[in-house]
Amino acid sequence: MISIIKDTIDQLKILEELKDNSSGAVVFFTGIVRDHNSKEKVEGIFYEAYEEMVDEILKKIENEVFKNWNIKKFIAIHRIGYLKVGEISVIVGVSSEHRKEAFEACSYGIDNIKKRCPIWKKEKMESGDSEWVEGVMINE
Amino acid sequence: MISIIKDTIDQLKILEELKDNSSGAVVFFTGIVRDHNSKEKVEGIFYEAYEEMVDEILKKIENEVFKNWNIKKFIAIHRIGYLKVGEISVIVGVSSEHRKEAFEACSYGIDNIKKRCPIWKKEKMESGDSEWVEGVMINE
Amino acid sequence: MNNSCEDRTLKLKVFGILREKLKSNTLSIPINNNSISLEELKNCLKELDPHLSMNEINFVFAVNKVICNENVKVSSSDEIALIPPISGG
Amino acid sequence: MNNSCEDRTLKLKVFGILREKLKSNTLSIPINNNSISLEELKNCLKELDPHLSMNEINFVFAVNKVICNENVKVSSSDEIALIPPISGG
């Protein structure tokens, strides 16, 4: 299951969907809006995506993950829109028979979302300023 | 937060406790009773622990994790008693500013619980047989 | 090159800081051939500057949702997007 | 050594497959000195076999919740446990 969504990410529902009686391990990553960046206090982040392209790339990442690791389920969800501090922006969850695969696939998933998905963020500071986060050139 | 418990592990409560507005990443591992081992179908697992010693070792692991990684919160909980297929036997959760630390600390946590905590399990098979799982010599 | 920016029209999707500077999420670039290379397209965009701030902000092209190098040729039937540095997660 | 297993008593905690074979979670071992080494204790346990199955099942000692090698000496005030191979998680 992969997608871009606009609503709150329901962690428990995702944990439920990751469940699989043949799996002994679930690894679950959540990215959360932090209350600060390297310089200032942050109030929230606005996320914007090239949604159709993100869908394509998430599909590719999903295929790679199933090809490279013996896992049972893979979920990757990125939220867009305005998120306040403490809200979840991205989730990657993996279930597998053994934990090594789940850790590796989960870590690969989030690394590649960050490197390859056309998503941008603009931080809203407590000072009232807002600024696009200096990103990295897409590496797809 | 570290402990041995006898009741169902409440994932959502733990995710809530891992939340920290200065953290941008949460990594969460759950170990789940699988429906099979290498030979047979499994119905459930009975877990037994030398509880006081597990407490001591979990404390050590917690200290090591905070010493070795810049993380905000660390939770490790192991359940004991009889668990059916699909139930969670162990949870390790970490929150940190950046994801690398959270992945590493979480993985270290579960690896060390498995290597160092005096916990034993006996599988109950669908066939009616039950057997102590061949373990590894404790490496504390 | 100067008069290559006429006639047919490429519709470009723009995102993030570029979208904000352009105050629009699309950009229409007229061309006078059936197709032009992304390199030529980039030059067209630069000519439209300073309005576009294209010289300040780094970006690459995605054509039909795939990142392409600037030798690739595009026509009005392609889905073209300008991808500034990304920062998801 | 044969008559070293008398008098004072060490109480051992046992777990897992050992607990099951012994049908008890503690084991009392009388000793006739104030303290004995874990190596000596192991020999006492072996003498109590076959009842204990100590020769079949691998284990190490934890003394006061710390795994110890067999040179360590223990007395009745120590918390001693037999730790068969572990399988948590």
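Chains: A, B, C and D, in written order; residue numbering restarts at 1 for each.
Just so it is clear, a residue touches a chain if its C-beta (ideal position, glycine included) is under 8 Å from a C-beta of that chain, and two chains touch if they have at least 3 such contacts.
Only a predicted model underlies this, so the values are computations on that prediction, with no experimental measurement involved.
Asker: Going only through chains that touch each other, what is the minimum step count from chain B to chain C?
Answerer: Each step joins two touching chains, and the minimum needed here is 2.
Asker: Treat touching chains as neighbours: how many steps, at the fewest, connect chain B to chain D?
Answerer: Shortest path length, in steps: 1.
Asker: Roughly how far is chain A from chain B, going centre to centre by Cα mean, in whole Å?
Answerer: Going by mean C-alpha positions, chain A sits 24 Å from chain B.
Asker: How many angstrom lie between the centres of chain A and chain D, each centre taken as the mean Cα position?
Answerer: 51
Asker: Can you check how far apart chain A and chain C are, centre to centre, with Cα atoms defining each centre and the answer in Å?
Answerer: 28
Asker: For chain C and chain D, what's the span in angstrom between their mean Cα positions?
Answerer: 77
Asker: Where does chain B touch two or more other chains at once, residue-wise?
Answerer: In chain B, residues 31, 110 touch at least two other chains, as defined above.
Asker: Taking all chains into account, which pairs touch?
Answerer: Touch list across chains, by label: A-B, A-C, B-D.
Asker: Inside the complex, what are the residues of chain A that reach chain B?
Answerer: Within the complex, chain A contacts chain B at residues 11-12, 15, 19, 21-36, 85-86, 95, 97, 99, 102-103, 106-107, 110.
Asker: Note which residues of chain C are touching chain A in the complex, please.
Answerer: Interface residues on chain C, with respect to chain A: 13, 15-17, 19-20, 58, 60, 62, 65-67, 81, 83-89.
Asker: If you look only at chain A, which of its residues touch chain C in the complex?
Answerer: Listed in rising order, the residues of chain A that touch chain C are 31, 47-50, 52-54, 56, 78, 89-90, 110, 113-114, 117-122, 132-138, 140.
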